[in-house]
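Let me begin by handing over the structure; questions about it come next.
As written, the chain order gives the labels A, B, C and D, with residue 1 at the start of each chain.
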Amino acid sequence: MIHVRVQSEPLDPHREVDLLSQGNPAIGGVVSFIGLMRDSNEGDRVEHLFLEHYPGMTEKALQKIAEEAVERWQLEGCRIVHRVGEMSPCEPIVVVAVAARHRKAAFLGCEFVIDYLKTRAPFWKKETTQNGERWVDARDTDDVAERKWQDQD
Amino acid sequence: MIHVRVQSEPLDPHREVDLLSQGNPAIGGVVSFIGLMRDSNEGDRVEHLFLEHYPGMTEKALQKIAEEAVERWQLEGCRIVHRVGEMSPCEPIVVVAVAARHRKAAFLGCEFVIDYLKTRAPFWKKETTQNGERWVDARDTDDVAERKWQDQD
Amino acid sequence: MIDVRYFARFREELATDGEQFEAGQAETVEALLKQLRARDGAWARLLAEEQRVMIAVNQEIAERNTPLNDGDEVALFPPVTGG
Amino acid sequence: MIDVRYFARFREELATDGEQFEAGQAETVEALLKQLRARDGAWARLLAEEQRVMIAVNQEIAERNTPLNDGDEVALFPPVTGG
């Protein structure tokens, strides 16, 4: 029901959605988020992106986030797959797929997972622009998005 | 950028997601909702579902909802495909796929579309249980979900 | 003429998918509903004032006080249940 | 021993991916940070108190006052940017 994975091979978001919902006729809604590599950031064209992570901790962090989501919204399933290493524009960076009996839980669960992943899972982006390589800075809006879930309790 | 469609053939949600995001490297996030036919409702096993609609009005209603979502959250794209006619458990009933530069807009746009579709697009479900056929009643929670978007203005 | 169409449970219980009215017979949706209710039976029951009846005029969601004009297409149906 | 690991910008600017400390040398994360800052240069700059430094102890997010024990794995890294 929960599956988390980190991989350097290209992601197949559709496969994750299929594996999530197959054979469970209690599922009424599947919400998925696909994060794609954009070709620009802060006004500069981005040619490549390199994703570093903390092997071992990454998987634990994703598992914990998925478990919290499943428990909090009584989800029927949750899959998180994140790519690491080198990638190019338009390629998927992350897929979060969440299944629930009703749609509201699926939306909340999926958004919760990606919000928490953005601030708690040990990934770092380094982008290559025409001016060379640079580490991507964390965005304050991600912290705001994360805090929202705590205020709601 | 906007595409709406009603069809009696089985839906292919993955194709809609692909067509939405292909070739636009400004897209940072795609959120999709897949509504699946459940095998039970109100405690009864459901064998089949028949979706009636109002041809002509349906397409107009979906187009209007998609346009409102795109304008309100500056979406990069929105596709709504809804199935009509006879279907079986686990089959997709509806796919809403929304693309945006950033994830928050994609989540909001997608949830808005399905909430409005549920209360404004002229579809009606009739289910076949072991006790025969029955029309599905509208749920009050759907009205609540729709009103949320008006209160936010 | 005004085209009136019925969908879903209404179509089944009223045993018709539509009919035509002279444009002058009903100046608003409510005036039309009032005439239909007067037929008693399923008409009175399904279209009663306290019932939830959804209305479309020319394929857009409308209200009971929406005016009707010659050539309009009016649809009456129960709350929608798609998605 | 306590294993200390550095990631991303920290690893690059500190020019090392990790080192080991005697367990008694730092009883909390903050005590460890204080010793590292004393090295000046990139150490002082990146790990300054006003800087955002994320901490993991045994691969779970931790705080500055988290106690350290023999065998612990401590990781220091800048705010994460995945997803």
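Everything below uses one rule, namely that a contact is a pair of C-beta atoms (placed from the backbone, for glycine too) under 8 Å apart; a residue touches a chain by one contact, two chains touch by 3 or more.
Model, not experiment: these values are computed from the prediction.
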Path length in steps (a step moves to a chain that is touched) from chain B to chain C: 1
Centroid distance [mean C-alpha coordinates] between chain B and chain A, Å: 23
Between chain D and chain B, distance of the C-alpha-averaged centres to the nearest whole Å: 48
Cα-centroid distance, chain C relative to chain D, in whole angstrom: 71
Touching two or more other chains - residue numbers and ranges from chain A: 35, 103, 114
Touching two or more other chains - residue numbers and ranges from chain C: 83
Pairwise chain contacts under the document criterion: A-B, A-D, B-C
Chain A residues within the chain D interface of the complex: 35, 51-54, 56-57, 60-61, 82, 93-94, 114, 117-126, 135-139
Complex contact set, residues of chain D against chain A: 5, 7-9, 52, 54, 56, 59-61, 75, 77-83
In the complex, chain A residues that touch chain B: 13-14, 17, 21, 23, 25-40, 89-90, 101, 103-104, 106-107, 110-111, 114, 141, 145
